[in-house]
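The structures considered in this document are given below.
In what comes next, chain A is part of two complexes: it sits with chain B in the first one and with chain C in the second one.
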Partner chain A sequence: MKVEFDDNGARVYISGEFTFTDHIAFKAIADRVFEGQGWPIVIDLSKLEFIDSAGLGMLLIVRDEASKAKRSLVLRGPHGQVKRMFAVTKFDTLFTVEA
Partner chain B sequence: MTTAAQDQKIATSEAPGFTCWDGASESSLAQALSPPITECMEAALIDGNQYSRLLFRPRASGCLRLALTTRSACRHQVVKVLVGAMAVRIDLSDDLRERVHTAIQEAMMNSVLHGNLAINSGLRNSLEGLETAHQTIERLLTSPQIARSMIRVEAVWNSSMLCVLVRDSGAGFERSRLLSPGAGQPAGDVASGRGLAILQAFCDRIALLDGGTTIKLGFKL
Partner chain C sequence: MFGLSRKPHDATAVPAAAAVPQRIHLEVVPPSQHAELLQRWMSLAEMQQRVIQALVAEVAQTSSFVETEADALSGSFQRLAISAQQQTARVDSLTSLANGIEVEGKSVPIERITALLEGTLGDVVEKILHLSKDSMSMVYALDELNANVQRVEKCMEQLNSINSTTNMLALNARIEAERAGAAGAAFRIVANEVRELSKATQNLAATMKGELKAVTDGIANGHATLRRVATIDMSDNILAKERLEVLMKALVDRGSALETIVADAVKESEMISADVDGMVTGIQFQDRTRQRLEHVVDALHVIDQALEEIKGSTAASLPGLAAAAPDIEWVKKLLERFTLGETRARFVAHLLDGGRPADLPEDIPGNNAPSSSGSAELF
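On to the complex of A and B.
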């Protein structure tokens, strides 16, 4: 998994593969995202090629944290296997997902 | 006692189609799995002459087998490489390759986290839990016995069906737990229900064998 930030950390670009081996990397991402306040959080998945259920679980954690912080969260650009996983697990109904 | 290099030499010379993986990288695994290899074992698992013949039954149809350590399963994207090696041998459509990759990844994750490392699903349901889970995994992997505990993946196919068995070395888990989708377990692995939903959506057949230590995935070709 590779990560880039923009907008003071509120926009996150995740690329490559996001799996159960990425727990600590994702914790670091989330810490940086929640350092700021008031920014809508956008997680850009347009370059993410693969996700497993652990990756999905980590996105759910961010959703819960965003809710606690009263910040909006958008998942942007899922495609291919990632989009398919969102459909199978009904993630589309749990998140604001933009094309 | 022989060295790992000697063990590797003995193993590869005595078993055609068999090779060792050094456990170093995904690219070295891809190289190790190049045809005509049918069976690959991580070198760290080889102890004297006790190598793969003891682990797998002979198969007449197409097959590709990989035995690796829990440490390597945690360090490398092994499934991606393995599915790439399968795609060289089997005519997989893009759709099927995606389903096979996703399903084996779920089974592998289950075998590593719940089978060999016995990590509690609930541990990974908060930001703090992610860090705790990471620290727990790293601590467990400092134990040579746990780090070297084996994961076996066996892909067997004929003209109509591909079966993939993922076996761990753990204590297994109850079938009732696997079959009970659990809300409130955001970690989302096979045991939580989300992983099971993924397997059901992506496989044509699923079976839990050997007291929960083996997951069998079936795909129509």
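On to the complex of A and C.
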């Protein structure tokens, strides 16, 4: 998994594969994202090729944290396997998912 | 002799009309020829009677044949009607089969099965998702715990270092106490106590290190277990859901197609039933046919009776008249008009041989072989 930040850390670009092995790196991303306040958090997945159930679990943890911090969270641009995973898990009912 | 001189296949003429004698001008026929004329009339009457009797027999046979065949056809059509009704009922029962499946005596629509399966699969996926999230929360908690343990391990290292220094100080104190002699006795005792304390601390540190190792191993094991739970591959679930959707769509499509076909089949079966019922009614024509033929036979009997009476009264009035003899040529021309061998044979037997038509073969399909009995050979 590769990570890039934009807009002072409010926008995160995740590319490659997002799996269990990325949990430590993702924790660091989440910590950085929640350092800021007020901005909507956008996680851009347009270059993410693969996600497993651990990756979905980590996104759900971020969702809970965003809810606690009263920050809005948007998942943007899922495609391919990621989009199919979102469909089968009905992620669009849990998150704001943008094309 | 009786005027049957036209061609055999002249369709515009009829035998009865052809049999009418030539116009006779009585005023120009001398009385000597009156007897001959009467003789011809008597012969014609005789032949007419024979023809009438043959026709009566022929009509009776035909009526009987038609009635037998019509009865057989009616029976067949009635059986066909029953079969058609049963077929309609069976086809109709296919409608429910096309729409769903029987479960514990109840018909469950395919759409409901689809919804049930999708709901079950969705529930499983939702549980996997929650499990993954909780597992990852535990993983993060264990990561935190692991960091705490590592900090404790660093504290233990510092403790060991302090203990080592303390031990060294105790050893130095003991050396200095020995060098001081009697004055250092109390100091020696303190140095020994400090050394014992340092040993106890070292032993406690070793025990704590062992315990911390067990905690670290436990965390590592828990981490590995949670990893297995959190990384459950849902690809099969995705594919299963997609396959299920395709299969269910195919099943629903098939159900719809079957429903359409069955509806058409039911409609056609009902039309067949209605047609067959109409045929059963229509085949009753033999009753009317029989009644008409009975009228024909009755009329022929009346004519025969009238001829018999006029023959009898003529013969009684003119006893000198010769007995009526068959006119072979006339009969031959009449019979040439018949294309059916059996009919011709029966007429020959009746007109020439005086045989009873009922004893002769009937006109039945496939039995047109010419008879070779009696005078039939003449024709």
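Convention: the second predicted complex is superposed on the first by the 99 of 99 C-alpha atoms of A that agree within 3 Å, B and C clash if a C-alpha of one lies under 4 Å from a C-alpha of the other, contacts with A are read in each partner's own complex, and residues count from 1 in each chain.
Just so it is clear, a residue touches a chain if its C-beta (ideal position, glycine included) is under 8 Å from a C-beta of that chain, and two chains touch if they have at least 3 such contacts.
These figures come from a predicted structure and were not determined experimentally.
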Inquiry  = With both complexes overlaid on chain A, does A:Ala54 touch chain B (first), chain C (second), both or neither?
reply    = both
Ask   = Of chain B and chain C, which one touches more of chain A's residues?
value = B
Query = Now for A:Thr89: first (chain B), second (chain C), both, or neither, which partner does it touch?
reply = both
Message = One more residue to check, A:Ile24. First (chain B), second (chain C), both or neither?
response = both
Remark   = So the chain A residues that chain B and chain C both touch are 19-20, 23-24, 27, 52-54, 56-58, 60-61, 84-85, 88-89
Remark   = In their shared complex, chain A is touched by residues of chain B numbered 74-75, 77, 80, 98, 101-102, 105-106, 109, 112-113, 124-127, 130-131, 133-134, 137, 186-190, 192, 194-195, 197-198, 201-202
Inquiry  = Using the touch definition from the top, list the residues of chain A that touch chain B in their complex.
reply    = 17, 19-21, 23-24, 26-27, 30-31, 50, 52-54, 56-58, 60-61, 64-65, 80-81, 84-85, 88-89
Note = Per the touch rule, the chain C residues reaching chain A in their complex are 122, 125-126, 128-129, 132-137, 139-140, 143, 227, 230-234, 237-238, 241
Chain C partner contacts - residues on chain A that touch it in the complex = 19-20, 23-24, 27, 52-54, 56-58, 60-61, 84-85, 88-90
